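The structures come next, written out as structure tokens.
The two complexes that follow have chain A in common; it is paired with chain B in the first and with chain C in the second.
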Partner chain A sequence: MTKENSKIPVEKLGTGIEGFDLISQGGLPIGRTTLVTGTAGSAKTVFAAQFLAEGIRKSNEPGVFVTFEEHPSEIRKNLLSMSWHIQEWEERDLWRFVDASPQPGHETIESGEFDLGALLARIEYAVRSIGAKRISIDSLGAVFTLFNNATLVRAELRRLSAALKGMGVTALMTAERTQEFGEIARFGVEEFVADNVIILRNVLEAEKRRRTIEILKFRGTTHQKGEYPFTVLPDQGIIIIPLSAIELKQRSSGLRVPSGSPEMDRMCGGGFFRDSLILVSGATGCGKTLMTAEFIHGGAKKGEKCLLFAYEESREQLLRNASGWGIDFESLERNNQLRVVCAYPESAGLEDHLIAIKQEIDSFKPDRVAVDSVSAMERVGSNRGFREFMISLASFVKHREIPGMFTATTATLMGGPSVTESHFSSITDTIILLRYVEMLGEMRRGVTVLKMRGSMHEKDIREFTIDHQGMHIGKASGSHFGHVPELTRLSVDAVCVREDLSGDLDGMDGTSHGFRIGSASKRRNRSA
Partner chain B sequence: MNEASLYQFRLYVVGDTPSGRKARDNFKKIREYLRPDEVQLEVVDILQAPERAEMDRIIAVPTLVRISPPPNFRIIGDLSDSAHLRTFFAIPEDGNNKLEVRP
Partner chain C sequence: MTVNEKFLLKLYITGHTPRSERAIKNLRRICELDLEGRYEMRVIDILEQPQLAEDEKILATPTLIKVLPPPLRRIIGDLSDTEKVLVGLDLLPVELKL
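After this line comes the complex of A and B, so read on.
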């Protein structure tokens, strides 16, 4: 028996949990019960509590929390680390506990038949008394441990599930699972309580913990399929990173911004596009950090705000190096034109780094952003995690419609493919290669613009030098250059991991598969 | 009955149900063995007083709670399992002294 009108499709209640409403295409089905299962430590309780907390914070919707495991005082205390002041909410009748946690020291015996009518009556009373719209029940597995008769508990939970529908609340129940892949939940609870099942995973992958969320089923309505990474942050709770659910709606503008070097602007056909992603690839010591410094300097000269994430050098090193190139980062920071964020890649997981970057961008609101280097992050996660990180980071920056410069360190000194490039090259708009090149018996530095989406650009390899005034890009060297082995290998680098994200015209060859370079002579022929 | 009853019990029920009635009947029989004038029983209907169930954290009905003497003891069910009850109330099992509860 339900109050639902069969003519109306399943509506959804926005949970307010960041990212969840995107992957669930609107939230949890209204007036129904959703089961959240996961192994120990998979953040089930946080999810259940956050469902209520966001309802209170974002739409002032009261919620009831039924606990079978932890005592309310424990929950209040634990969730204070998320800055959820449950006690205050309780005083304002926005949150109510139904405490069914085990009481130590209270011996209970069973004699004859019973049912869970008391629990039902208490839940109904709690829901009525504060006008709750949301209810979380944590956790069903614990109910089974309270009583000897599992069949009875199962029947009673089914009754509870039906009663919740009658109360018109949107319910979330948690249940344990013993392994990450296998049966949905212990005691087979999913069979009788839930139209909807969500799985939280906490998998050890290449020595790193990786949390993911998957919506297994939503009866009668749609959702995004597959696993999405998430993280649990103090003060914020669960944040889901909705990778493939990201909407591709960024506009494309023809507006150009200076790269920081007049010569580079010329090589790019008039500067970078304002909403473009620029990948700077090169071996260590090749001048990538210098390139980012010039990029920032160029923005600052125009009065723009710049944000720099440095993952390879300490702050002191970076400031010293920049001043060695005649760029005063410190005074820029004092003028609030620059913010330098230094972090060790290993200091946090990829998801946490990603969220930190997003939050810095949201709070500082820069006009341009640089990350030096993204390839340092390769060490932190698994290959798959890194790919997701790159895609998510790229699309986030694109949405802001600001230019983003990302550097990638190639694995070998002479250039060659890197993981970063293979994951990233197809979604970047501009690719600049910095390479050590052999010229007339000497090792020198060369720079070339390999790809510039939507614009003509120079195809020459130019030599550049570095001194106390920064980067000096020389004239095209033409035939003086010797063998540049890595450039012939680049067609292998450009393995496309995704279809062309923006659908923009590809400046190089009009295909959606990044770029291809056959040989040096072919390159010359195509030259503008 | 007086304030200083030796035994104080509280029986939680939800409305008027068969299992609730059975629990009351069976409790009467137990009472016979426990010096009837020293036993105090309070029946709480959770539909009328849900906040009391909240205080005692009652989940199942019927639930019999022993308030005094301590420690706090609970029996869940309609009190139809005599073996359990004998242990609980320390009623000796012999021929003349048979505890007969409604199964």
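After this line comes the complex of A and C, so read on.
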């Protein structure tokens, strides 16, 4: 090991942009220039401004913003929507503009050789006078349109890049690209200005815009590879959702919490684990919302705070239904034990929903969370976007070490796989199936615990009924009555198709003879 | 434009480089020829007074700004193309503008 010096890793500057420091494994390389490229409307300017804004807000680091496109007054105004009070920062010498935007009435005639020495001098002056640590330059393409001589501009930008290194600032430059996939940037700027390249994309996918960020290269240091979805929110700016960069480091506890139904607790071997994800799957109308209501009621009875996201019903509908089961959501809300968040899935993109959920959880700090239903979100984005949504949501809830109940509506009335299940079943700890079953010439409801990670659980299929006091699960019994031939076997077979579930089916009551109902209660169901 | 109109010209340079010196020399020559006795020429070194460059939003150097008489005009470069400088100073008829 003779070259010890070359072993010192490239240090990084935490940007403070949510999610970015995770995918970049620490931030932007310190003292270097990073190029951010993207098509029109890919949030380059926001990224550039946020790099400075987070530096100011989180570590009081002054920054310089060089603008070639928009006038500073425009930028100040546009970014007020992010709650970044640039003018105030300027007054406190935390932010300084170098205005290189086109000036109206500045007709310029070129006569002979020139360079961009004045620009360089101004940038250096701005950096020195406020002691800037960060600098954003937006955007390089516009420089080329200001002058006729592209070769000269290229040489001058290279000089600028070298000068920035000398000033010891961490720089971010933006540049346009004409296509989402193709050359990195117009005028080939990446070849001469930057060691590091980040690409912002804004792709139309299944009629929805999907924003992603990709770190293409970081010279001499590591980063996460591939595209990560992000969103731009008012008051917050860019938030990156670092899916696969999420670490699976949540602890696991043996603590149990009540499910809300003593019988269900028994079926699960003593209640749900406190830090587990529970997937409740069933056809429409077979009791999923009721199950979440019971889950919340069970938490509230213990004095816990509960958060419910409802994507299928309006608030009024939900409150009415709950009171029909003898659960008073309104008074729970008044006591600050419950918060019900209703939203139409179509009202926002998946990323925005995800962030809204995270923020509700962060601000309300619930002891348990229910989402009814996650499958409603399937409609909002592409298949891939939905998968990312589910994984991110699941890992977020797990990190909070609270139980989360998610419901999924199966596509067919008699059960069967749903997109939600196929994306979600492998990351959930507990899966509960609710199914319609044909029995003695009528339709009844059956419930079973299909999977329960880390615990013994009942393998029986129990019948349950619904009345004004909620859900009543019948007792387990060895006696089988009502052999359900075709329909329910279909549903079991369909579940078996899912590879990651098949293992959990081993203990089930003989798939060969279908889905049986074992119930001690022989009273006939009300036709509800 | 009257013959006696006063010209106020500001030439912004970054340090005394050969290019800066060339610009100064060229400007002086043009002024002596066409504006004798009715011009004021100021040379501003941006490296010494960067705030002035900021105020004027100057990007390239050398930059010549014709402050007076109006309209305000900017000419960038070492001013070696005399014809363009004369156009910029409104000392040549409009039809020759390129």
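Keep in mind that, in the parts below, the second predicted complex is superposed on the first by the 468 of 528 C-alpha atoms of A that agree within 3 Å, B and C clash if a C-alpha of one lies under 4 Å from a C-alpha of the other, contacts with A are read in each partner's own complex, and residues count from 1 in each chain.
One rule holds in what follows: contacts are C-beta pairs under 8 Å (C-beta built on N, C-alpha and C of every residue); 3 or more make two chains touch, one makes a residue touch a chain.
Just so we're clear, the structure is a prediction, and the values are computed from it rather than from any experiment.
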Fit or clash - chain C, chain B, common chain A: clash
Which of chain B and chain C A:A40 touches, first, second, both or neither: neither
First, second, both or neither for A:Y125, with chain B first and chain C second: both
First (chain B), second (chain C), both or neither touched by A:G105: both
First, second, both or neither for A:L440, with chain B first and chain C second: neither
Chain B and chain C footprints on chain A, overlapping residues: 98-100, 103, 105-122, 124-125, 146-147
Chain A contact footprint on chain B (complex, rising order): 12, 14, 17, 19, 22-23, 26, 46-47, 50-51, 53-54, 57-63, 71-81, 84-85, 88
Residues of chain C defined as touching chain A within the complex: 12, 14-15, 19, 22-23, 26, 46-47, 50-51, 53-54, 57-63, 71-81, 84-85, 87-88
Complex contact set, residues of chain A against chain B: 98-101, 103, 105-122, 124-125, 146-147
Touch list for chain A against partner chain C, complex: 98-100, 103, 105-122, 124-126, 146-147
